[in-house]
Each structure stands twice: as C-alpha cells, then as structure tokens.
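In structure tokens below, several structures.
Each of the next two complexes has chain A plus one more chain, namely chain B in the first and chain C in the second.
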Partner chain A sequence: MTADKASVLNVKDLWVSYATESGPMDIVRNVSLAIRPGEIYGLVGESGSGKTTLARALVRYLPRNGSITKGSISLGGTDLLSLPSNELRKVWGARITMVHQDPARAINPAIPVGEQIAEMARVHLGMSNSQARQKALEMLAKVQLPDPESVAGRYPHQLSGGMLQRILIATALTTNPQFLIMDEPTTALDVTTEAVILDLVRDLLREYQTAVLYITHNLGVVARICERVGVMYAGEIMEEGSIQQVFKQNFHPYTLGLLGCVPRINKDKSDIDLHTIPGYIPRPNALPSGCIFAPRCPLVEEACRQSRPDLIDAGDGHMSACLRWPEVVNIQPQSAKHARSERDASLQEAPLLLDARNIKKQFKLKRSGLANLFSWKSDTVQAVDNISIRVRKGATMGIVGESGCGKTTFARCIAGFETATSGDIILDGESLPPAIAKRSKAALKNIQLVFQNPDASLNPQHRVGESVGRPLALLGNVSQREIERRVRELFEAVNLPADYVNRLPHELSGGEKQRVAIARAFAANPALMILDEPISSLDVSVQAALMNLLAELQRANGTSYLFISHDLAAIRHLSDWIAVVYLGRVWEIGSAEDVFAPPYHPYTEALLSAIPIPDPDARQERIRLPGSVPSAVHIPVGCRFHPRCPRKLGPICETEEPPWQNVNRFHSICCHIPLEELTRLQAPSSAENEKERP
Partner chain B sequence: MIAYILRRIGMILLTMLLASVIIFSITQLLPGDVAHVILGQFATPEAVANLREQLGLNRPIVVQYLSWLSNFASGDWGVSMASHLPVYPMVMERLRNSAMLAAVSLVFYVPLGILLGVIAALKEDGFADQAISAISMAFAGLPEFVTGLILIGVLAIAFKILPANSSIKPDASFQEVFPYLILPAITVSLTSLGYIARMTRSSTIDVLRADYTRAAELKGLPRGQVLVKHVLRNALLPTVTVVAMGIGWLIGGLIVTESVFGYPGIGRLLVYSIQRRDLITIQAISMLIVAIYSISNLGADIVYGLLNPRIRLGG
Partner chain C sequence: MQNSQAVKPAFAPGVARTFRRLKRYPATLIGFTIVGVFILLAIFGPLLAPYKYSDQDLANRLKPSSAEHWFGTDQFGRDIFSRVMVGSRDVFTIAGSGTLMAVVLGLTLGLLSGYFGGFTDEAIMRLMDVLLSIPPLLLAMIILGTVGSSRLNIVAVVGFLYIPMVSRVVRSVVLDLKTREFVEAAKMRGENNFYILFREILPNVLPPLAVEASMRFSYSIFLVASLGFLGLGVQPPSPDWGMMVSDARNWFNTAPWVLLFPAGTISLLVVGVAFTSDGFRRMLLPGGVSG
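Moving on, here comes the complex of A and B:
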C-alpha cells in the first residue's frame, strides 16, 4: 500500500466526485492501491460501493459530471493525472487496457472480430495491415479459440458469450499492457463457461506479467483467481490483504458479513441461517460522521461513531479500517434454530402437491420479415423435452441449469403462461389444463409466481400496498377492511415497515421490491410458489436476507416451492429436492444431499467443480466443459451431453439415449456409465491429487 | 435472398392490384361520365352516346376494369383527355424530370443532414445542437411555397444568381437542366433536412453511449477512427432506411415545389390533370406513384439488410 517501488500502478488518496443536482457527491474517497506486475488484485464490493467509478477514474474516463478531486495515479512512473488528453489516448490501449462486463455489448456489432483486435496492433504497435491480421490470429489462438482464421472473420452475433469474452481478453492483451482492468468479466456468463474463462485468465496473466485490477461482486471468483483483495464499501476500502488473510482471518465486520451472506454448497437452510447485514449502504451525501459501516455493524461502540477510522496495517500488510479489528474473529456464524432430522424425515414422506409428467414445449422460431432476406427456413426449438417433476407438500424442488436449458420455460408451462405442447400437470390430485385461460380460479390461486426482475412485475403507477391487495380482491370476495388487514400482515411477514404500503415501486430498493413481489405472491395463499431466479439480480447481502425470508415463510405457511436458479449454492441452500436440467431434460434428480454428493451425473459434477467457492482452501476437482451449450435447435443425438462430457464412455453415448439408474429410492441419474463406476471415479480421494490451489 | 426479393416483388404486384381496384373505382364514382367530361356540358346526347360506344363505356364495369388493367400492364396507358396525346410517353418524360430533381435533392440534403445530425449528437445539448434543431425544425415546418418564394426572392430576383423559373425544355440534357434544378432542390432539401438530421442525431447519441464505443475509446484509437469506423457505421443504419423511403415522396410527392417553380415533374402533371379532370392520366400517374413507393420501400429494406451483418448473416 505504501508507495511500492515494485508496483506498476500506484494510486494514492484518490477522491472522485460527481456533480449532481443535490451538489457534489464524493463517490470514491481516500483510495490507495498498489499493484505489482503479474499480480491479480481483486476489488470486491456490492452495488453502490464505487468500484466501477474507481475503475473509470483510473483510466480517466469518467462521465462528464465526474472528476478526480484529490490524489494521484501513477503508472510505471507516469503521472496519469497530469497527462494532456492526446497523450492519454496513447496510454489507453497501449499501457492500460480494459475487459468489460458484458462482452456481447462491448464488441462492435458491425465489425468482424478479427479486425477489432487488428486495429489495436496497427494503432499501438505500428503494424501493417497484414502483420496486424497475423497478430490478431495469434491472439485468438492465445485465448484458445478453435480455428482462429474462421473466428476472425465473424461478427459478434455469430459467437457465444464465452467466445466473445475470450476475444475481449485477446484484444486487451494484444499490446502487452502494463495494467489491465477487468470489470466483472464473467458476470454475464454461465458457471461452466465462467470457470473456463477464469482458468484462462489466470494462466495468461501469469504469462504476460500484467498488473490486473479485477473488479467483481463475487467473492468466490476472487478466491479462485486473485492474490490480493480489497473490499470496498460505500466508496472506501474497508479491508485489504492477501486472499488467505482476508478470507481466513478477516479483520473487518463488513467482510465477515459478506462472507456469511454467501450460501455454501455443503450447508443448507436446516444447518444455518445465512448471515445478513441489516440496513442499507449509505448515500454518498449522507455518510455517517464516524465509521461509515457503524450503522450496520454488529461490533459498533461509541468510539466508532466519533471519528472515521483510518485504514491501518494490522500486521503483514493486512489492512483494516476497523477500530475493533482484533475482535472480529470472535463473531460466530448463526446456526439454524430448528432441528433438522425430524424435518427431513417428514418431508420425504410428505404427500405430493405437484406431479408434472412428461412436459414438452416446442417453439417455432419465427424470423422477422427482414431476416427472411437471407434465409427463410423456420426452425423448431425443443425448449422442454419430456421433463417430469414432483413437488411434495411443504418442500422445495430446486431446478438448476445454465441459461437456455429450459428451466424457465418449464416453470412457465406449470404456471400456464406457456401452453405445454404435451404432458400432464396434476396439482393436488386435480389435472390442470395446459392453457391458463382454461384453468379454474382455485387453480390460479394455488400457483403463484415471483420473477427475477421486480421492476418488470410491479406496476410503477400503483402503490405497492395496492399491488399486494390486488390478488386478494380478485381471488376471493373479501371486504376492503379485511384486505387492508391482510396487506398489513403480509408486509409484516416479509419484514417491510407498515407505512411502505403507500409507496410507489420507485421509492423502494431492489430487495424491498422483491419483498413486495413475494408478499403479493403469498397474498393468494398459494399451495405452490414458483420462484424464477428471485434473487439473481440482487446483491449478496440482500440475497441472503431474502433466502432467509423464503425459508421462514415456507416453515410458517407450509407452501411448496418450485425454485428455479442457475446458482448452485442458492439452490442447495433452499431446496429439499433438486433436478439438474440440461438442454430441455432432467439428468439427475434426488434429495439435495444426494445430488450434491457422489455419485453425480457428469454434468452435475462439472457444475459443482465450476462453481467459485469463497474459500481459498476449498478443494474442487478441476473439471471443465469444452465449448458452449448447443442450441436447442440442433440437439445432439444419443446422450445430449456427450459433445461436452468429460467422462464420455464411447460410441454408445453418441448413438443411444442413456438409461435412468436409481441410486436409491429418491435419487436417479440418467447416464450410460454404471453407478459403481461413477462412484469410483468421483470418490473424494481422487480429488486430492488434482487439487486446484498449490 | 433471391427468394425473398421475389416474394417481396409478388407482394408489390398484389399491392398494385389492390391499388388499381381503388384507383379505377374512384374514377367510376366521380359525377358525370368520361364522355360528358370530354365533350363538355353542352354536348348533344347523340354525341355522348357515340363517344361512350367508342370508348367502350357501355360494357360491364368488370370488363372495363380488366381491359384497362391489361392495357396498363402492356404499356398502353391510353390517350390523355386533355391534351389528346398518348399518356405513356408523357408520363415517362415527367418521370425522368422528377428523378433528376430527386437525385439533385438527395445529393444536397443527405450528406448535409447527416453532417448536422452528427455535429448535434457530438455537442449534445450544447449550443450547436440546439441551434441545429431549432433551425432545421423551423424549415421543416415552413410550407414549401414559403421557402420556395423566399429563395426565389433572394437568390433569383435580388442577387440574380439562379433562374426563378424552372420550366425546362422536354428534351434538355442533364447539364442544361442542372441550373434550373438548384432552387427547387434546395427548397425540397430544407424540408427534409431536419428529419434526416434528427434521425441521425438520435441514433448517433445512442451509439456514442454504447459500451462498444467506450471500449473503442479506451483502446486508444484516434478520435476520428472511433467516430467513423465504430460509431457512424452503426449510427447511420436507421438513416439509410429513412433516405431510401424518402425517394418515393421525392418522385411522386413534390406537388407544391414543382408548382412554385413551374417545374415539369410528375407532381405538377398530376395537379394539371386533376384540374382538367383528365381521368386517364390521373389513373396512370396514381398507379406509377404506388409502384415507386413500393419499390423504394423494398430498396430501403434490402440496403438495410446488406449493411447490417446481423441480418445479412443471420443470427
């Protein structure tokens, strides 16, 4: 942290301010960073922590109303803040490069990708057209894209997200820069793709000896690829140190809180309540006068409110901005308050609520008129192909899979938003028509949904109390007073203050809006609640509080959940049963403990090994899936997973559909590999020799 | 691609068939029949009857319609009731004139509109932006006869730089005609300029804010290269469509401008024919205008598709 001779990037006491209608706001305060060549420095923080603003300040590319008000930035001895803008342009791309968050939007849609790399080489390396082209091919090979020649000529819309992210990385390394900023580079990707990209990034950066600032909200990613980490909160760095220091013996209650918020794949709702951080991140124009974390801190005392603690060295370069850092280690995680064994036993025998059999859903791909200019065959997408799932009363069935696997379409078929092409939906012994228009009022009441994006599902013109009261008014003849009473109850149940009923959605935070959506879904007192990625767009601390809330509401009301998510840890935490879906089919189904323990389906195994765990000592087998999920238009024959399966047996996988094998009464796997063989291959001992971290 | 274009051409033929029914029936609905119109209100009943016989007006309407349509399709557009000249060569000559005016106008206003739009976008909400929108909107709002007369007053009468009257000889070459085209072209351009500029401005602002533009800037590319290669290539796509669709209007819709300058284009011929109740010519011109609008629409779609790799190469 102190000006380090060996560091390439030295940032000292940086302040960044935005001019806003309510006066200047200091978004980043007093930040110092030093990053050495070849070092990957992780910057973690929730939304509003100022991490992206910091990144943009480092390259001096702030929005028009933003400015750096104090401090210095030096890159390899060059003072960046005093450079005139034409000189700065020579630093951009040559000495500092950036990899952006959403690769599909950060690459120009109208220019072939090869040219987008080649232009870097021409401008900064002074290469001729043909040299630059050659360089582009070389870089594409470097990021392990198959057939660089053909990739170079393609446009972004013809490539997958993972390939585009490789291209952005290739572009960023073309000039062999001194400093590279990666801003949430894997956030938009699926977990198996993310794992492959993270491996690539780590290997390449070791080779290039670039200093890297890796910005993310994901603690697991940091633990996997960074050497040092800084934890940012409301514009300041709260804790900084090596991965081991921060993850294993952390010295700041905020970091501890963040780590406690993340669900783990070896624990679930009956083992622990997730840790939550009460309250909200303060606005930059309403900061507490003392420690900025004090209002949310479990260790707060009078001294914390008096003056803002400095970031001090607590030993071995481990920095903390907490007055009481030596006491942080004493905070214990909360364990769950309910006995697990009875619960489990009762759930496995609980009666069936939903029995969905052989659900299929096909879509005809329609092209818009103009697209017909160049091709006009229409394709059929088999989005859901024969999925059968049962949900027991009071239990949670988790459906996990990567984007495009059909999990959301399946849920929409159950809810009736999509009309299933074929299959039976039986709810509480009653067969439901596939189309929502033909369902009875009682059936409609019994299935409720919570969507990923509460902004899209709450009417912005209606007070949220009205939104919650609406199903009550529609689904039963209840008096106005009774409705108001129920709404107040529901608000209390989802831990929202009673006076929130009169607010409009835009006056609420993302997490609060999602609570309203949950309250509204519970208003109908449904038997089955479909939760479609209900927490994916929220910060980890908010996610944790919502997961606790969902678990608690289930306990209180006995509602069954169908929980759809791509997040294995969240699925593991909330679910009693889990189905793993890939390309429109279920490949493994069973109780949560069984699915997350060997024998696994090879796809489940790959998912588990890909998931970034916020623990530097976590032992994970390194199984990486090649390529990307094939489109549901061209489904591979035989076992659908065979083109990517790391445990493929042989030709049988390419020709024959695999059989279902029962591991026990509740756990089945659809694979050609015999169960004994899977168990042997996946035994924990074999992981020892392949363990990931030295 | 060929299949698509053939299908679109099929659609155009269908559109024209539908239009032909409407155009034909309107002439039937007008009070008095063609023979009366030709002979005037004092004609004897015998003369009218003779002419009706001669023109085939006694046949059933469907037969009349089919014979009119088949004649039209084979290029026999009949004889003008006003001038007694064959309609086809007359309309084609006017079409040539209109096309020349359209071409000159496009060359004026498209580059200028794009330039103004890009400048406005780069100076978003600044002085230049506001000045450009205020002025271009003012011209778009002014009727063409006002701008046309002002231009004539200033450039033709006060400074005597350009001719005030644009009536040209039928067989004049483009070089000879060019000076006469400038004033009407400027008049048309002033009306359309604002539209192109606004369209370009808004799409350029969107692209300037796009992540890939920020990425291109941070690659350290020269500012001009970022603008031309990364921004404009994407930002001008919607403008291309607007321009191509404007061609139909430029050829068939410049009734006021052509009248102000006395320019012998299609629009003016249409007005003249309406004044003379020259039904034969009105029918022919209406059909031609429908065809031009349909074809320029198709052209717009094809050009857009070719420029946009997402559509050209499929998704």
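Moving on, here comes the complex of A and C:
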C-alpha cells in the first residue's frame, strides 16, 4: 500500500511476535494499513487470525511477552514506535481511544458513569470540574441517552448493556481522537440493540474526523457500517478494498468462502448446504511454505505452494494476496443445492413427537441488600409464562428470541433440569414427569441435549471416545466390541477422524468438541434433540459445517430438533417451524417460510430488520426498538411488547392482552393489529429482497 | 484476547514440558528439591546419620559446629545433625498420615455436601463450622491432654483438625462442577448418582485437592512441631524437632545452635512444602482456582 498522505494512521509492514514456550511466534505478519480521517475501516477475520493482537500493537499495548519486531506505525505524522512511554501515555486517551467488546468489564463499576467521562475531559482536555461535567452531559446526549443528567449519576450496574456500550462510545469520543479502535463492540449485545448501536456509530462518526478501525468477525456488521474492509487470515491481510469491491467482486477465495458460510434468511437447509472451509487456521509456528491459505483453498495449484503471494493491487485500490485473483471473481461458492421435495408438505402433516402445553416456570427471587434481611417476601420471576410448542417427527422447531426471553429456561423445562411450575410435557403420546429424577430411563434416552459451551459439555478428564460410548454402555447387554464399532460409526457420522477417540477434550478445537457432543447425543438414538445455541460460540466457517452436519444427521436419522438460538439466520436455515419468543411468551408461530414473510408480528419484523446482512446492497426496513427488554419481574400489563412496539395501536395495547390471529392453518400471530393491517403496513418489506450475489 | 479455537493445540511430551515450565519458576524447583531431600532423609535418615541419635557424649556437650558435628552437639553431647536427620521420619509419617486422614474424610464429606446439597449440606457444613470455631492448637492440646499423647493420637488429632478446610475446598469445587454441562449430560442419559459423583465429578476434584493437600501438609508439619514444643508430641528419647527447639531454649544464650538448627530445619521444610504447593497450583490449576 502506498503511504497515503491523506491518511491519519499509516502502518507499514508490521510484524508482531509473541515469545512462547515453543519459541517466538509471529502472530501478525507484514500488515500495512492506512485509514483516512472520518473513515471506518473494518477488519474481519475468524478467531486466531490476529486481529486483536494487531489492534493492541497499533496502540503499543501488547502483553509483556509480545513485541513489534518490524515495521512502522505513524499517527498523524507522529512515529508511535519511537515514542517514549511517558509521551505515549499522553497519546493514549487524547489521540487514540478504544471501545472494548464487553462494556460491563470495560467500565469501572465503582464510579458513576458521568464521572468517568468527565475524567477524560479533565485529564486530556485540561478542563475544570464544572466544564468537564458539562462536557460529560453533552457527550451523553450525543450518544442519544435519554435524560443525560440522571444517567450521569448512575453506576454501571444500573444500566443495560446497550446503554453501557453507548457510554463507552461517548467516553472514547470525548477527546475527539484522531484514531478510534472498536474491538467487537456489539458482539455481546442482542441483535436489536446491536442495530441501534451500529446506527448510532455510523451517524455519530459523520460529525467527527476520526479514523476508525472496526474489528469484528461478523461480515454483516462490516457491510452495514464500514467503508473499507480488510480480511485477515492467520496473521496476514488476504484481501482489502472498499465494501463494494470486497463483497461484490471479491478477489480472494478465503473471502469468498467466508461469505458462503453465512446462512441467508431467504434460503434454508432444504435449499442448500452452506459452504464450508475445510481444515484449520495454521499455527503461527507451522505455516505452510507457500500461500498460507493454500491447504484449505479450493483453487490451490502448484504455484500457490511454491511461494507466498504478495498483497498486490488488483485495480482501484482493491488488494488481494491470491495468485489466481482474476479467476476468483467468476466463482460461486460451492453450495450443494437440494431439490426441494414434497418433504415440506409431508412434514407439516407428520405425527407429533413433543407436545408441550402451557409450560410455566417461575423463579423466586430474593430481594437484594438490607430489604432481604427485614422481609420474608420475595419477587417472582416469570421466566416462562405459558408457552405451548409442538414438535413434529423429523422436523425442527426453532425458538428464537433475545437474551432473557426465556427460551433456554423453556428448553431446560422440557429436558427436566428445571421443574416446570405447571404445564404438560407429552412425548410420543406419553406424559413426562416434570423433574428429571422422576423420568424413566427410556424417556431420558429419548431426549438429548447439545449445549452451547463446547468446553463445559465434555468431561475434561474423559477421553472423548469414552464420552461417546457411555450412553451405549448404559443401555446394557451391548458388548464392548459393539460399542467400539458404534463409536467409530458415530465419529464417522460427525466427520471426526477415528483416532480421535483416545484424545482428551483439551486436545480438540471448539468445533471438534461440539462434534463430539453431537455424537454423544446421537449415541443414545434420541427421538428429540434439544440444541441450545449449539453454534453460537464458534467461528462462522465452523458454524456452517456444524449446521450442515445437523441437517444431514436429521435427514439420515429422522430425529426431531428443538433448536434454540438468538441468531435468526441460523434459525431460518435449520428450522421447519419457528416460534418467536419475547418475555416468556410466544408471539408468532408458524412454518419457517411463513414467519419470515409478511404479515409478521411487529417484534419479528424488528428482529428481521436488525439482522446484519453481509451484502452492502441489502435494503432493510429500518425498524429499531427503543429501550431494553423489561425485567421479567415487572412485566408490562396489556401486550408485553407495547413499551417498545414501533407499531403500537393505542391504549388497547396497554390494557388488554392481544388475541391470537390465524394467518393460515399453521401460522398465528398474537397482536391487536388486524392481519390485513399488518400485511398492508409491512408490504414493501425488503428483508426478503436480499439480492443474490451476481 | 484471541482464543485458540480454530488453532490446533500443539503438544510437547508431558514430562519435557513440565520440566521446561519448572525452569521458569525457580521457587517451585527449589521447593521440589527441598521436599525431595527431606523425603530421602525420612527414608534413609537413620542409615545415613553419622551418629546414633541417642548416643550421649557428655564430654562434648554444647559444642558448636565442627567437622565432626556439623550442627554441633546438645546438652547431652548428642549430634544435632543426626537427630535432625532421624527426626524427619516422624515428621513425615505423623504429619503425612494426619494430612491423608484429613484429605480422605474431608473429600468424602465435601463430595456429599456439595453434590447433594440441602439438608445434608447444612448438617455437614454447620458441624464443620463448629470445628473451625475452636483454635486448632487449643483443641489439639485439650484432646491430647485428655487421651494422652501417642503417635496414633497425634495423627488422629491432626487429621480431625484439618477435615473442615479440606471439605470446604472440595465442596466449593463440586458446587461448580455439578452445574457443568457434562454433568447435566450424564443426568440426561440416566446415570445414577454414584457414577456421576465418582466418574464425572471426582476426577475433576483431584487437581485442586492435590493443591489443598500439599498446603495442609505444610500446616500439619507446623502443628506437629508445635505439639512437640509443648511436650505433647512424640515422647523422648525419639528426636522430635519441636521438642528439640523446646529443650534448647535453656541454652540459647550460650549455645544458640542447639535451637537454631532444628528451628531452621522446620522452617526450611515448611517453606519447601509451601513452594511445592504453589507449584502444584500453577501446574494443575492453570486457570487459577482459589482454595
């Protein structure tokens, strides 16, 4: 990259190395960046690609064993690498600021938030106490927090995650810095909150001449707010260009692969298998000799293995580190397409497997602090309030909702870990006791669960083959040879090498652990599989491979899934039926296609419009939900959604519970607004208009 | 920070890696060496000792360090170096058995209390609170003063006193483990409590238990020495470090080595065990678990 005179931040040929037990490791290699004032530069990459290390190196805030071995960093003419540490401290906060991923940990819990912003103004802008206070209020108003006066005096625990992230953004912009690093600032937030924050960041930064490095793993977020994007892989930048260039005409097979991994809301498992990238990111001390992506690349040829291709300008500032870049443009991600069969029709008529009726779950909540000492009263949390869901044989019921909506509690009630306060769980015509201890062995075997966190779902002291074989051994009268044979079969079914049976969980990657967990769940040959956010903690390419695997196993075994997720695209991809849950209740339920097409419940509509779609041309309705989810202790009267509903009718929403309206035999919406009116309001919806890649 | 999800972890062979790590923590290496030497002394001490521990040489009483008597001689002309060497066996057997007893009983109570919770937990933990509320040395003196002092009684007292500490640590680990997904998965496939407790939970309790046990051991050494000092330890003429320190008080002005060498030995071993315990913590609990 040419040193652009207009750029504020100029990074040239940067190498960052960590001293580790197995010798020095170059985590970031040969990275050059130039960011202009007012530009939002997106840096995307999977975990382990070195994006966070790069960001820390840019501000010279590396851990003790990390060092910058080569290259230069200049910020507005200042050479950051030669700056002594006392000068550097003056740059931090004044000219460079940072917004971190987890707002709850980035803000001091013991200081009122307004005071934390004022501190920035006092230290770096030399303001007096009263000026600084004024500045803090001004910043809070800038990030659109209602009632800045009252917010300024509050402590972090009194504010929601979305509000805290706004406060971090306000803090970071207080000094009007030249360079701002945002490291996954919305990853910890719900999709509706994320949409609001992204809008805010985009609008707010127009006022400032700040160069922004926006780090994320989410291509949809990049497409929504960035102007230019760099795709990082194993410590190097593979492709760089404007959003249009990279998303519409990409010149690198890795980018192509990443884009193909993301499920789209207009396609599902019966249309396509998701594209996957085979293999793993190479370790920094075991890099391939040629192109670092060669071992996983579908276009690899002999020349790629010979020498490492340079990042070259392929025209108009669009850089690619691929020898065969002119050919990449003409390639579509290889997604196997399935012939759409009569499967859908037959599934709608398939017999019922699970019939969960009117499930309620309340938790008693002790009051905190002194009140607890003087009172025996406790508050009740209605985590699940009357949810009824049916799962048909061989089909997937997807439950989607934001954090705290009760979807996981519901799943745990079905599994028996939580004892439902009331309601019936009927599995295959047989009523199940609510508590797991009272269920028969056969009933237990019939419901299996795959958990969210692959690290906790396998016993760290058991070899993974043992974990998978145990459910078989429990059945009794199965010989050891038979068990070993089945374990090998299961490992093959989840695409794990057979010699993995003797490994311990810590020797496996996150995706592999999740495959073992899936194999273990299938070992019991269950009728119903509960998938509680099984892919949320994994990288997109790993997510795609697991979703394909789950779809394939369902086709082969006819297992029913209860799939729980906050990720609408994943839900859409895997589910035949979808229930949308908010504050412990279902608001819309129907076949996946119906739910994702108008008329929608206003909440579904808001969720859909908030999904970050990895396509810069995607036009979405801009529907944003104000505020945050109310606590399940003080549930609003009338329609629970009314305080945030963008389509609120009027007083009726605040007083009366909405009625269920049937759109068709399978699709129902719980709302006061008549269906015809919803259809009319939502007619020009463009969430479905997501264009396909040319 | 970047996690290593997609990066395949590399594995150096366990021993080589452990050693390489040890080199980075000199304190741990020192601890291991000290404990190793004392273990050798405990086993071979009586064979290696230059003199018999009870041999009196009244002509050479209260002599300072010399080539013949490295640590000097005591009021009866006995070789202090030999007495310290021989005494280490009692320290290891008594403090070790006491620790073992505390660990076995504490583990059992901790597992039951943490896993079953409810009334079992309340009953066990309140009982532990009662034990904890009495100063350990006082309780030990009362018990030994009543039932008399013998090796077995000292072991029993040491074990008894440290049960609450061990059981609390085990309980807190179990409380964390029992809500982990792998335990829920075991319940989901219909495992019984016995299997969950011993096959799923117990193996994961062992690393923090090893750390706790090594720490208890260093406390036990001190307790045994304190009891010896108070005259409630191993009875003469067996060489007991605590008793040696106690006896030497009378000659401290004229012959300080009689006190300093046994006292220094106690300190050295306790420090060595503490370093070792710290090393265990670092190796076995890389994430850092309190306890």
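The rule we apply is simple: the second predicted complex is superposed on the first by the 662 of 694 C-alpha atoms of A that agree within 3 Å, B and C clash if a C-alpha of one lies under 4 Å from a C-alpha of the other, contacts with A are read in each partner's own complex, and residues count from 1 in each chain.
We adopt the following convention: contacts are C-beta pairs under 8 Å (C-beta built on N, C-alpha and C of every residue); 3 or more make two chains touch, one makes a residue touch a chain.
Note that the structure is a prediction, hence the values are computed from the model and not measured.
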Chain B versus chain C as contact partner of A:130, first or second or both or neither: neither
Which of chain B and chain C A:155 touches, first, second, both or neither: first
Touched partner set for A:664, first chain B, second chain C, both or neither: neither
Partner, of chain C and chain B, that touches more residues belonging to chain A: C
First (chain B), second (chain C), both or neither touched by A:477: neither
Chain B versus chain C as contact partner of A:453, first or second or both or neither: second
Set intersection of chain A contacts, chain C complex versus chain B complex: none
Chain C-facing residues of chain A, complex: 21-22, 46-53, 280-281, 283, 285-286, 415, 417, 436, 441, 444-445, 447-449, 451, 453, 456-462, 467, 470-471, 474, 506-507, 509-511, 517, 520-521, 524, 538-539, 541-542
In the complex with chain A, residue positions of chain B that touch it: 1, 3-5, 7, 210-212, 214-223, 225, 229-230, 233-234, 301-302, 304-305, 308-315
Touch list for chain A against partner chain B, complex: 59, 61, 89-94, 96-98, 100-102, 105-111, 119-120, 123-124, 155, 157-158, 168, 171, 369-376
Chain A partner contacts - residues on chain C that touch it in the complex: 1-12, 17, 20-21, 180-182, 184-191, 200, 203-204
